[in-house]
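Shared between the two complexes below is subunit A, which has subunit B as its partner in the first and subunit C in the second.
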Partner chain A sequence: MSKTQISLENFFIFNSSFGPNEGEEEKKILLFHPEIEKNEKLKNIGYIEALVKFTGSFTLEPTSNRDVMTMKTKKFTKFFFEPEPNFWIVMTIKNPKEQKTKDNREYTEYFTDDVHNDVFSKILQRCYLNFRLFCNTFEHNMIGTDEESQVDHLRMKLDNFFMKYLVTLNLKNCDIFDLIQSIQYKAVSHLTFFKIVNLINMLISIKNLKIKKCIFLYNQEVVYSSISPDDLFIINEYMMESLFPKYFRLKSNQGLDSDRSVGGFVTENETETPQNAPKVYLYGDGKGRFECETFRMVLYNIMDVSLVMLVEDDDDAINDEFYNEIKYSIGPQLGLISKEISDNIIQIQQNVTKSQTEESAKNFIYCNHRNYRFHACFNENNTEITLSNREGKKSSQLSLSIMNLLSDLYSKDMTDELIDSERETIIKTFNDYWIVKKYFNYRSLYLIIHKNSTLIDVAEESSKLLSEIVKNVYFTN
Partner chain B sequence: MEDFYYLHLADNNYIKFDPVNQITNVFFDECQKQIFIVKSAAVSVIKCKESKDRNFSFCLDNQNPLIAIKFNSDNSVLAIQRNENNLELIGFKNNQIIQNSSILYETRKQGSIIYGFVWSEQHEFIVITADTVEIFNINMAKKQMKSQKSLSVSSNWFCYNRSNIILLSSNNGLLLTPILVKKESLTKLAPIQMEDGQSISERDVITGTLYDKAAILILKTTRNRTLEIFVYLLTGPSFKKLHVLKLGFSGRVAVSIIDSIIIIHHQTSKVSLLFDIALNGEADNLDKSVMIHSPLLAGKSIKPFSIKIPSVSLKENSMTFEMYSVNWIIFGDIIIDVKLGYLFKLELSIDKIQIGDKIKLVDFLMNRQNAKSQLMNILTQLILPDDYNEIHLPILEIIFNKLNRVYKLKIQHDLNKMQALPSPSAFKTFTSPQPQPLNEHPREIIIDQNDMLQIFNTIVDKNMLEKVLLCYIYSLVVHAITCEYDLSKMLVMTLVGSQKVHDLQQILSFQVLHESKPLACFILSLANYDPLISQMALDMLKRLNAHEIIVEILLEQGKIIDAIRLAKQHTNVDMLPARKFLDAALKVDNKMTFYSVFNFFLSRNQRLRGNNEFMKSKILIDIVKKMIKYIMAFCR
Partner chain C sequence: MSDISNFSDEEDSRQDDCALVDALSEINFNEHNIDSIRQNKLEESQEQKHEIHSDPASSSSLNFVDVDEYDYLHDSEWINQKCHVFILSTAGKPIYNLHGDEEKLNTLFGLLQALVSVVQTDDDCIRSITAKNTKFVFLVKSPLILVGVNKSNRSEQQIYNQLMDVYNQIIFIVTLSHMKSVYEKRNNYDLRKLVAGSERWVDHLLRNEKRTRICNSSFVSLTHSVRILPMESSIRDSITSTIQSNCNKIKNLVFAVLLANNKLITLVRMKNYYMHTDDLRLIFNVIDCSESFKSAENWLPICLPKFDSNGALYAHISYISDDCEACLLLMTVDQESFPILSNAKKNITEKLRRGNYIEAINTGMKDKGIKLKSDIGVSEIRHFFYKNKKNTQLLCSEITAPYIDNLDQFEKLEAMYYDLHNRIHRTSRPLKLIYEMHQHEIQLAWVTANYELYATFEPLVDKKSVIIAQVNKLLKWIRKEEDKLFMTGTHIF
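Entry: the complex of A and B
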């Protein structure tokens, strides 16, 4: 029997204050997935309640509700956190296991280290942030005349959302990229960039359209956005994991994918029109500004370009005028930009193939912690990693342990941020893999070199690669 | 409130002269702008040009009637024509004729008629006869008239209006031959054929200069009796018909050209139309190279004009002139009423011209020599619209592109001029210099980024400023113009102010702003707003190789080790001021850091001076004391 993959054991949300008395424990449960026997559910909740209470007496300060707590057992890893007072979200993950035989005795080996604490903590946080993006906070969903109906409303909302969301959660492919929570932007030429910025500025300045913010994507990669990085990351994830796959499936079912020059509004299903575009709640980057902004999110796609428009939350905002303006005036302009970018890419590719065909493989992640952008390149063909093509590619290249090692290094950087000084770490792992990490001025570079050589050679090679990858910025002495 | 008359007669620049009557003849020389009032032999000359010379009078020897009279440019030679066969050139000095100084010119061929003569230079004189055009060099002292060049062209009439083109008509006005006058020489250019068989009369033709190009304007009547003006421009070696002006009416017209704007005065309707050939017209269906223009805006009359007349009574009398009078003769911007004896100067008020289409208006103003302030006003209006109008970014984008196209030409011109200066090495090489594409200084008004900055400075709405600024910078980028310090600073401030630090970083990474140490330091000064900003500033300094400044910044940020590492790489480590680094290390309050820095300098001293002691200095002694304290603390 081969090794099992990381999978979800259960996922639940509870609020102890809803059922403080004995016999009323069931009221605490807001969501429980998968559906199991009631007593089992309560057992799980009680377990977490006890853990929090017990460990709480050993910590000096009350735990910050933003932090995810983790508990590892042999078979499971539990992640739990309190995004809003008294509301707890808990995710239990099955550790991978493998049946082995030794001395003719069968036994099960559990790979507890495969489940990286920090990576899955981020996943859990994102579950909440995703919910908040579309449904606002738990507290805001307590709608009703009495407490009971309020809680029921919240339960319904949670149920509607998470039943759909948990299916898209692809736990076995979670890795350092989920930890970085940054976005790999599509690089475009400066002329194209300005053109996009101006187009978006123009859109925003048209008062009738009530468009407030925009995200510009090329080939499902972000090129430009006028929203804060935190919100962008969540919206991007929603588009990549849910919206785009559904849309393209829909389009190919209708046989429309052949003519890409026809633009259209991207919706989750056929019946949806831009008029009932989903509401989104943006909370910003949490820097000083906490009030929530509500928008309607409309996505328009033409050729390779997609434009996300966040429109003022007004029943009348997305009307026929809006529809026509986007379709007949903005759409063609987006098409032109799409053509421009694709021409550019072809040109660059030609240049690359001419000049550096024999160049060695580069595996690296370069990220800037200050602007939430990263750039990664992860296999022999120098294909860039994007959320859309991540699946299946990297796992064949780099083993989970190396990915987890990278995650470890990354978490270290984040916690050590206060000591902000140049750092360099070189690690030799098994199978002749070397990981070189450089950190300076809130930027870090992780190089993965597969070579049987000495430390000096690796150091030399890494500085050579460094100068190739990182240009024009003050990265290291 | 005066109605917006954009054409008016100059208030204080009119001239009163004796009107034409039985005994008075009046001649006007367009080149010298002189009026000759001839009463039998007495001639008085009135100058219209504002010059130091006063008006003067003199007497001619001969009382025979004159056909033409013209001075040369410095009034040293007077040319007089009294009959069809000969001309007289008379020396002139101190406002008097020099006696016995005349040269007589007679046509060589019997029966050849002199149509006229032209002073092309101070001592160059062109005579046009029925079959020749000849240019002479005049030497009054030697009483010589030397022929420089002669062209034999038979003609019926000629036309000359203060340009370097003489237009000859032959074949009864079906063939027009332009002659180019250039320094002591005459060149015959390809003749213009009237294809439609309509013969052209002398008064239907005017030559002039439009946008520094010689131009011929020919008035034509279309089939439906309305008038058109064909504009021929000297392009390359010949004149080409490039523009057609549709007048839309028939009747008597006169043409003035002011500041390259063609003004058509229509006598019957008392209206003047403006045309600007630099603006885009419609392409002709038949001939794509010809542009058809309609009037710039609806026709308006010249502003009514009246002058005060001194009177004996207390009541002031004023005299109002009849506009578009039949007695008017128009020479370019000069209007002469021969009957009343007045000369007026026509003036065009650019600021009163209102064109609804702002792009067209900007185009129009850019071509005016003196309209910069006017153009700036319009731009300000466009960028800062009042409450009723919305700002239109797409229109602004088009306008910015227009401005920057010219701006770029100017930059290139300046650059070429600098490169054209002989460099010392040029003498050593024998290879002929590469013929550079000649970039002429654009004749349009140049609105550079500093001008725009003035306008941007008036924008209060930060949100709007950001959009307009990005739009403008996009246009600069398109034209490959780098953004200078002041504008860059404004952009940085605006983007930081509206929390678009990420956009700013992206823009900086494209390096479209002119990177400089002051800009980097300015960006650094905003570092409190967002931690990303200090990263951007350091990146820029790195690109500028400004390692000293980076070292200072690192010291300020308490990254002493990084600072030393950088200093070691780029400067002579022996010269590093130990005190500065140790001081900074003390402030960090990290014992390990301080120890490392201190140790670094100790070992340097060892290497340099053989012992690890610092040079004597009070502050250093303090530091050493502190060090000892640290060590003691460690030992405990």
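Entry: the complex of A and C
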């Protein structure tokens, strides 16, 4: 039997204050997936309560709502955190295992270390942030006349959301890309950029449309956004992982993907009307300001351009007028911009191919810690990895241990102070991969080189590649 | 251990162990001489029997003793300790607490026991918990549970290894078979009765966790190796043969170890029996923390866990002379051979004095580590340690500026080395090499089939060719001086 992959054992949410008395423990359970016997659920919850109590004895600081705790056993890794007071979310992951034989005796080897703490901590935090984006906080969902009906309402909301969301969690493919929490930006020429900003300002100024904020994407990469990076990341993830794939599948099923110049509203269902556009709750970067802003999120797509519009949360805001204005007035302008960008890109690509005649295969990740800008290329043909296409690619490319090493290096960057000075790390793995990490001016570059080489050669090669990559990332995109 | 048959009769050996271990604690506290130990031994063994058969209720009543349990858990100084180590029995009985009285932490021990046993019911085993900057690591080795709580940057594996050392130090005192049989008889037995007086060996093992000292000793435990007292190989050979010639007629003598200043001078062993470095490190620890050994000859039952966790050896421990602080251990399976070993030691001392070897040992003891600039002539290396993998021996350079007189700086250096060591040895993704440029230094870790090198460089040598050249010069020098710096070859009686 070969090694099993990382998978989900269970996922549950509880609040101890809902069932403080003996015999009422069941009331603590807000969500438990998969469905198991009640006592087993309570045992799981009781265990987390004990862990929290135990670890709390060794710290004077109160837990922050961003700290994810981890518990490793031989078979499982548990991740748990308290996003809101007394509400705990727990995710249990099965450690990979392999059946082996030694001296004619069968035994199971567990690979506890394969489950990267930081990567899956991020995944758990994202589960909560996704819920909050579409449903608001747990506390806000306590709607009803008495506590029992309030909790029931929350249970229903959690159930509705997570039963769909958990299916989309692809735990076996989680890696450094999830850790970086990156957003792919697309740089465009100054002129085009100003056109986009002008168009968006114009849209926001039309009082009747009630549009408050916008995100402009080209080819699913962010060109312009007027919301905080944290909110942008979580909206972006929703679009990449869920909305766009569904939309394009739908379009191609309907045979509509041939004529890309016809724009349309991107929705989760077949209707094209944005009337039931989802509500979203934005909390900004969580630093200082903690007021929630509520919007309706409408997405319009034409050619390679997508425009996310955050509209005032008003039942009448998205009406026929809105629909017509976007479709017949704004849509064609977006189409023109799309064409302008694509023409520009063809021109750049011609220049780039000229300058990159004899480059060796390179695998790299580049990220800017200040604006979440990120750029990766993980392939012998130098094709770029984007968040939407990475799934199929990497499994065949780099082993789990390399991906985990990258995550280690990235985590170290995050724990070390982000300072202005330069840092460099070069490591050589057991199977002779070299990984070079360069940190400079709040930016990191991770480079993976697979060849038998010396430290000096690798250092030279990485310096050369660094200047090329930085040049390309800065000036040609 | 088949031909060392003294312990084949389990019943006998168990009683012996009981008695001897108690006797052992007496030695530590009261510095009894050999005769009185023998006297005590008889009395103690009777007491011990009585103990085992006494009413279990008397012991379990400890659970209900009214103690002020919340003292520690509300004491910010205690909470903020960078390292805690707790030992308890699988039944939840407190055995050890690094900082303070374990008796006052009954609630905490109960919780620990519950955390372990609940997971065990699912045929699983708890390994660790990470909460923010604190790691909690569990070592469950029935009938004991050891828990390390650590707020420094130690990795889970490093904390686990430390707990393993502590566990072995306890086996060193009580032997595994004896401990198991005691718990089989009485599930809630209070092991502190058996280890009484020897907790300070565990304390000493963890002394760096209480307070960092600016010295190379933590790198010895980090790399699981021992350091060697440097001396010309011809002198070392002569010392070795002095021991051999005086001991090779003694039956049942298993090991002879000569050490000074926490460094090994020589080791002679019985054919086909090997001394594991982990066992040797436990011996070093016990010698280092027992001042009382200096004043008299000592006769100690010990268990070397890697050698045989179920059997005890008898160790004759004494210092060479008043003017030479080298300690000689002669380890036998023969309980009655104290006079013979005592005699052998006298002869060895005499011969060492006659050959002027005492002076050589004293010179070696002054050594503080390799001097990078004057010994080797490498100016860009600030500090290094080098592990010879074949014989698990460690070579360290002298600690100099900016680390020698600055505890903060040294702690940072130590933390960086621990980090390097963790990353290069991580089981799921081991590495061959790490080169790292920090703000204040450059570090290199390099693991090959034969050695591991960890080195710290001046921050301004940003040319990798300079670093490689310096490393090559260092390695070349070590190879040249190998005979003097390491103990090569094996010596048998």
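The working rule: the second predicted complex is superposed on the first by the 462 of 477 C-alpha atoms of A that agree within 3 Å, B and C clash if a C-alpha of one lies under 4 Å from a C-alpha of the other, contacts with A are read in each partner's own complex, and residues count from 1 in each chain.
Criterion: a residue touches a chain if its C-beta (ideal position, glycine included) is under 8 Å from a C-beta of that chain, and two chains touch if they have at least 3 such contacts.
Just so you know, these numbers come straight off a predicted model, no measurement behind them.
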item	value
Subunit B or subunit C, by number of subunit A residues touched	C
Which superposed partner A:Ile426 touches (first subunit B, second subunit C, both, neither)	second
Touching partner for A:Arg105 - first (subunit B), second (subunit C), both, neither	neither
Touching partner for A:Tyr47 - first (subunit B), second (subunit C), both, neither	second
Partner chain in contact with A:Leu191 - subunit B first, subunit C second, else both or neither	first
Which superposed partner A:Asn404 touches (first subunit B, second subunit C, both, neither)	second
Partner chain(s) touched by A:Ser205 [first = subunit B, second = subunit C, both, neither]	first
First (subunit B), second (subunit C), both or neither touched by A:Ser57	second
Interface residues of subunit A shared between complexes with subunit B and subunit C	421-422
Complex interface listing, subunit A residues touching subunit B	190-191, 193-195, 197-198, 201-202, 204-205, 207, 224, 226, 229, 368, 370-371, 420-422, 440-443, 472-474, 477
List of subunit C residues in touch with subunit A within their complex	73, 76, 79-80, 84, 108, 111-112, 114-115, 118-119, 122, 124-132, 134, 136, 149, 151, 156, 423, 426-439, 464-465, 468
Subunit A residues within the subunit C interface of the complex	43, 47, 50-51, 53-55, 57-61, 63, 67, 69-76, 111-114, 117, 401-402, 404-405, 408, 419, 421-430, 432, 454-456, 459
Interfacial residue positions of subunit B with respect to subunit A in the complex	390-391, 393-394, 397, 464, 466-467, 470-471, 473-474, 477-478, 500-503, 505-507, 509-512, 531-532, 535, 538-539, 541-543, 550, 557, 559, 561-562, 565-566, 569
